[in-house]
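Some structures to go through are shown next.
Here chain A shows up in two complexes: once beside chain B, once beside chain C.
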Partner chain A sequence: MTPVALALTVLLAPLGSAAVIALFLRRQGTLASAVSLAAALAVAVAGLGLALGGDAYRFNASTEWLKLGSFSLSLGFKFDDLAALMLSIVGIVGVCVHVFSLGYMHDDEAKARYFGGLSIFMFSMLGIVFADNLFMMFIFWELVGFSSYLLINHWHERAAPAAASKKAFIANRVGDFGFLLGIVMCYWANHTVNLSELDALAAKDGLVFSALIPLLLFCGAVGKSAQLPLQVWLPDAMEGPTPVSALIHAATMVAAGIYMLCRINVLMVPDALTVIMWTGTATALYAALCAIVQSDIKKILAYSTLSQLGYMVAAFGLGSLAVAHGDHSHMVAAGVGAAMFHLMTHAFFKALMFLGSGSVIHGCHHEQDIFKMGGLKTKMPLTFATFTLGVLAIIGFPFLAGFFSKDAILYLAYAKNTPVFALLALTAVLTSFYMVRLWKITFLGAARSDAAAHAHEGGLTLTLPLVVLAILSVFGGYTALYPKVFSEVFVLIPIAHGTDHMVILITSVAVTVIGAASALVFYKSAATDSLGAKSPGLFGALTALQFSFDRGYDYYVAKVQQRFALFLNFLEQIFLAGLIVRGLAGIVGLVGLGARGLHVGRLNVYLYWFLLGLVILWIYATEIF
Partner chain B sequence: MMTASLNEYVIISSLLFVIGFFGVLLRRNTLVVFMCLELMLIASTLALVAFSRFNATMDGNIFVFFILTVAAAEVAVGLAIIVALFRKRQTVQIDQLDSLKN
Partner chain C sequence: MINLPFDPLLVAILAPLAVALAIACGLPKRFAVKLAYVGFGLPLLLALHVWFYHAAVPQTSGYAFLTAYSTGLEALGIGLKLGLNGISLPLFVLAGIVGFAAGLYAIQSGAERLKIYLMLLLVMQGGLMGVFASVDIFFFYFFHELALIPTFIMVGIWGGRDRNYAAMKLTIYLTAGAMLSLVGLIALYVKSGANSFDLIELRRVLAAQPLGDTVQQNIFGLLALGFGILVSIWPLHTWAPLGYGAAPSSAAMLHAGVLKKFGLYGLIQIALPLLPAGLVHWSHPIAWLAVIGNVLVIGFVTIAQRDLKQMVGYSSVMHMGYAFLGLAAGSTLGVGGVVLLMVAHGLSVALMFLLSTSVYHRTHTFALDEMGGLAQKAPVLAALFVAATFAGIGLPGFANFWGELTIFVALWEFSPLITALAVAGVVISAIYGLRAAAAVFFGPVTPEFAKVAAVNPVTDLRWSERLPALILLAALMFVGFWPKSLSTALDATLAPAPAARVAAAK
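The block that comes next holds the complex of A and B.
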């Protein structure tokens, strides 16, 4: 097959699956899950074929979709190494999550709807990966938002998921509005939103730069990748089924914001990068602080995801790095390399931990409170082993995936901006702390509830994806192991040399050890949250911090926006509905009433009207007035 | 023999016209209203003939011929309408011809 045909297969297989499920298989869950899994497998096989095919399989192709005057909208593929890397991640994690879902959602009544939703999500996500222009990306951007809404809302009969899905949708809409404005502005300034054409313009210095364009586009990433201040939807989105959280709200969709930023790297200016860097750093620290006081296993992972996304955004915002080559140096887009590298390793270990938490929740009969778990080490040995690898990977334990990608980011921060480096290192300590806390309370010690005492390992469909992802979490950081096909991205990864290398290595190991050791000591015999018991003030402050944004938005919506809406409603009632609509109707009605009075039905009276008309005509004709 | 001046013709013509006019406005019998209409036509033809005579031209006279012709046709139609109306409604009183509204 030609590359284009292969890419079309990858893109359209999940769409076909979603269509078949929605049209014919709504009552046949098992068949629907088979169709959906087949589509995911097709995506993974064809996608990996494309990605690993090397330069022969890198292409640009597009077709015109809509033409409005001089403005034309095209749909097309831009398949370079960056897209290939993202496609591989989506394909692999997608298959793992589909397989896991077979076990996890086995007894669900609406299984067909669930798998249909997964398929439509895969389609939308792949659209973002392939998109060769910003308009097309925006279309699929909205589609992933929709499918995310659909899947968070899977158990729509319960109030919390319904509310969470709406919150996710609305928070994303706020960001997407900025994204759309950014696209329009980019088109207005550069007369194109095609990514390759923008690259070409940048290459010959023909690009119109403005800090506003990248910042508006960044709004989209703020919404989708849940950065401050729009991060509120992601923790709530955990109301959805756990495999969905793994696929959409950890590994792929929320990473789309980072991917989009890397795609539009040529548009970046230093001012915009500074804003992006600080947004990412603030999110990383804020979410890590919130994660410490959570007791819901999925909420901890959600805040951890937020924090890691903040890491990636900060890495992107740190921007390019001068790399010495002998006696001269040139700039390398190290931010893109570090962000994408961490995106990849994070996708593996976070999907692993989310699926691990799904396995735990499934084993403990839908118990999500970690303080009601404990002792799962012996009950669920495989989950324990893989989850441990995931934890080690995320806290940056030497020689696991997270170690390399986090070091790349830390090195970049060290080289570019010391305060950011300090904050990211602090975040790494906190990450290590809350992840080890989660791991210890869940798996070690004695069982603290009946559910945990009778926990059991799930079937093969639940454990196989864990093993695959665990292997990737261990080896995913060795870029030398990968085929040479992603070299365009991997060459951008910043690598420390000499003394820098030692500083980063020591910092990295130190933060990991400090965080992990303090968590192990602090939660030595924790049946309840010892932070809440030992330091209620700190605990309260962190909880208040976690809810501060929600409170702020609640206040804004209920007190400011609602009152403004009532005021506008008042104005509308008085002026629009009152004066204009009813007033005009009243005047017309009065005229009608008068005109009806003339119509008396007697001939001689009409004669008088005739005469009156004649007199008026005469007055008019003689111009007396 | 004493001949009437133009003023007298015009005064008589105007009187006839006013009588006809008020007849049309005030009378209630359709037939009388119709006759009053004819009276107004005749008043105007009288004025035209007088003008023609005193200007020593034929213009007014020719005008009168046309008016008479049209009036004859109009009377034929009008009377026929009134007869048809009476057959239909058993009355020609204007006050009772109010089915346009009631």
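The block that comes next holds the complex of A and C.
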């Protein structure tokens, strides 16, 4: 198969699956899940074939989709190492989540709709990965938002998922408002939004630079990757089934914002990067603080995801790094390298932990409160072992995946901006703290509820994906093991040398140990939240911090937007429909301009007048008289 | 199959009219209904035929399938000339598809006095096919009136709440709009000196000797006002939500979906190429009215609606704002976007009216607060409604996306500020669209709806309701996935004509 045919297979297999399920398999859940899984397997196999195939499998291809005047929009592939890396992540995590879903959603009544939704999502996400121009990326960008809406709303008969899905889509639309304007502005500034053409323009200094373009485009990432101030939708999105949270709201879709930023790196200017860097840093710290006071296992992971996404955005915003090469140095897009590296390792260990939490929730009969768990170490040993590896990876335990990627980001911050470095290091302490807290309360100690006491490990479909992802979480950081693939991206990863190396290493190990040790000490007994008991003031402050944005938005929606809408509606009904129009109608009636024909109940009179007029015209025109 | 033994356009117009006539002559009901399938089906088949073969047949003066018929009115320059160019083809197809769907829905509706209802709908259908097939301005206008009168009667007789007031208001507004545009068209006819209503002839004469700028501006102003009322430009839009709220569903589908496009179509097909200086003069006032009034103010008013049908009516007014914005931008991209949006909006608003009525049959109310949880009982209805909602809010994969996207891109060249305000509308429409979908279908069943459902057991969408909905949805997705199916012909017609001249006039 040619690379293009292979890429088309990857893209269209899930679309075909979704179409077949929607049209024919609505009531055959088992068959639908098989079709969807087959599509995901095809994506993974063909996708990895493309991604690992080397230079022969890197290509650009496009076809015109719409043309009006001088405007032409094409549907095209830009398949470089960046896309290949992203494709590998989506393919692997996609298959793991599909397999896990077989077990997790086994008894669900609307299984067909669920798997159809997963297929639509895979199609949309792959479109973003392949897109060779910003319009096409926007198209699939909107489609992932739609599939996210469908899947969050899977249990639509409950009020919370219905509200959460709506909130997610609208928050994303707010970001997309800026994204679309940025694309349009970029189009008129540079007369192209094709990524390769933008690169080519940049290479010969032909780009029109404006801080507004990258900042508007960044709005899209703020929505999709849930950065401050649009982060509110992601914790609520946990109302969806847990495998969906793993695939969409942890590993792939929410990372699309970072991927998009890396795609448009050439458009960046220093001012825009500064804004991006601080947005990411603020999100990382804010979400880590919120994570400390959560008691719902999925909410903890959701805030952790927010925080890690903030890490990636901050890494991107830190920008390029001067790298010495003998006597002279040159600039390397280190931000892209660090962000994408962390995106990859995060996808593995966060998907692992979300699926692990799914396994826990499944084992505990849909109990999600960690304070009602405990003692799962012996009841669910495989889940415990893999989850432990996930926790170690995220807190940056030496030689696991997160260790390398977090060090790259910390080093970049250390080299570029000290305050950001300090804040990210603090975030790392908090990360270590809340993850070990989660891990200890869930798995260690004694069972604190009937559900936890009777917990059991799930079947092979539930455990196999955990093992695969655990292996990747352990080895995913060794980029040196696969130097030939994705080299365009991995060569950009910043690596500390000399004293810098020691500083970063010590910081990294120190933050991990401090966070983990304090959590172990602090949550010695885990019957209730120790923080709430020992320091209610701090606990209250952090809880208030978590709800501050939601309160603000709720106030805006109920007290500002709704009142404004009602006010305009009042004006509309009273002035336009009432006074002005009735007044005008009255005048018309007074003047008597054919008023008789307009009276209700005698509409047919109008018809007669019309016919009469026609006859007169005809007589006049044919000059009969 | 490329050459039919008859003129497809003429037959598409006459078939529904002939069936209407047969019903009027007292055909028994069971034959009337069967024949109605033919009356609605034939225009659809012929529309699809001309769509498929449009690129393949020879063109005269930019028109395919061009045929002239004698009317005995040649002394006034009036002849029945039928043909399709890239602008009218998409709308002709739209009329065929929506007409068929509305017809199917009407046949299964079980309306009282079904025969007369179908007869009026068929007259409307014939008129609609005629509007977009006419190359002659006189018949373009004539067919519009032919389609408009049954609308008034249907609202007056089969309408819902406030039908008397609604019918009167509809009549006053639409007659006023039609009159104003008629004055404009006659002025154009007189001033051009072409002594012909034939659009091709008018174009030829005015290309050789354009009207003076002042004349162009005045006539364009008249046409914009008249046509603008027909397309519900703010603040002359209040007939629309009220009228559609009261109209029976098939009439609302045909009027909001197709007939309402008459005004925009007239502006694009007649005013833009013949009066380019007029557009330049009026484009800013039109754009500001559209973006502040239609998009933002009506957008917020739509958010405030608590009645499903009113909400659909207002959202339709809002989306017409985008159409005016594309028109104001004036470029090939903008105007092409308007045509794409007209087709997309016509399909999606018809689908929304259809599904809203189907919702009503199950909930016995349009009040959003008294619904909830309908998806549990009617999953197919829910799926179609959600799809229609997402089409309406411009999700890629549906035709509406292309219309909105191209208009936004074109608008930036016209005014970045207005573009930013207009794009804000995509957030507003997401808010009201998803709110309504959630209120009707998701969450737990409300006590009010539980009471209704206890008395009237709720069933999912029947096939007779499903089929017209699926036809509309399929068309939306077909254009959504393959926009070139419309844009190629559109580009061929538009690219050489108005854009270049408007650009030059600037």
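Just so it is clear, the second predicted complex is superposed on the first by the 579 of 625 C-alpha atoms of A that agree within 3 Å, B and C clash if a C-alpha of one lies under 4 Å from a C-alpha of the other, contacts with A are read in each partner's own complex, and residues count from 1 in each chain.
What we mean here is this: a residue touches a chain if its C-beta (ideal position, glycine included) is under 8 Å from a C-beta of that chain, and two chains touch if they have at least 3 such contacts.
Here the structure is a predicted model, which means the values were calculated and not measured.
Asker: Considering only touches as defined above, state whether A:His456 meets chain B (first), chain C (second), both or neither.
Answerer: A:His456: touches no partner chain.
Asker: Quick one: classify A:Arg551 as touching chain B (first), chain C (second), both or neither.
Answerer: Neither partner.
Asker: Is it chain B or chain C that touches the larger share of residues in chain A?
Answerer: Touching more residues of chain A than the other partner does is C.
Asker: Is A:Leu66 touching anything from chain B or chain C once the two structures are fitted on A? First, second, both or neither.
Answerer: After superposing on A, A:Leu66 lies in contact with chain C but is clear of chain B.
Asker: Is A:Gln561 in contact with chain B, with chain C, with both, or with neither (first, second, both, neither)?
Answerer: It touches chain C, and chain B stays clear.
Asker: Once chain A of both complexes is superposed, is A:Lys484 in touch with chain B (first), chain C (second), both, or neither?
Answerer: neither
Asker: Which of the two partners, first being chain B and second being chain C, lies in contact with A:Glu572: first, second, both, or neither?
Answerer: In the superposition, A:Glu572 touches chain C alone.
Asker: Determine, under the contact definition given at the top, whether A:Asp176 touches first (chain B), second (chain C), both, or neither.
Answerer: The second partner, chain C, only.
Asker: Which positions of chain A sit in both the chain B and the chain C interface?
Answerer: 599-601, 603-604, 607
Asker: Spell out the residues on chain C that touch chain A in their complex, using ranges where they run on.
Answerer: Touch residues, chain C against chain A: 72-73, 75-76, 78, 145, 149, 152-153, 156, 164-165, 167-169, 171-172, 175, 235, 238, 242, 297, 300-301, 303-305, 331-333, 336-337, 373, 375-376, 390, 395-397, 401-402, 405-406, 408-410, 412-413, 416, 419-420, 423-424, 426-427, 430-431, 434-435, 438, 441-444, 483-484, 487-488, 490-491, 494-495, 499.
Asker: Quick one: in the complex, what on chain A touches chain B?
Answerer: Residues of chain A touching chain B: 599-604, 607-608.
Asker: Contact residues on chain A for chain C in the complex?
Answerer: 64-71, 135, 138-140, 142-143, 146, 149, 153, 156-159, 161-163, 166, 169-170, 173-174, 176-177, 180-181, 184-185, 187-188, 561-562, 564-566, 568-569, 572, 576-577, 580-581, 585, 588, 598-601, 603-604, 606-607, 610, 618, 621-623
Asker: Applying the document's contact rule, which stretches of chain B touch chain A when the two form their complex?
Answerer: Checking each residue of chain B against chain A gives 24-25, 28, 94-95, 97-102.
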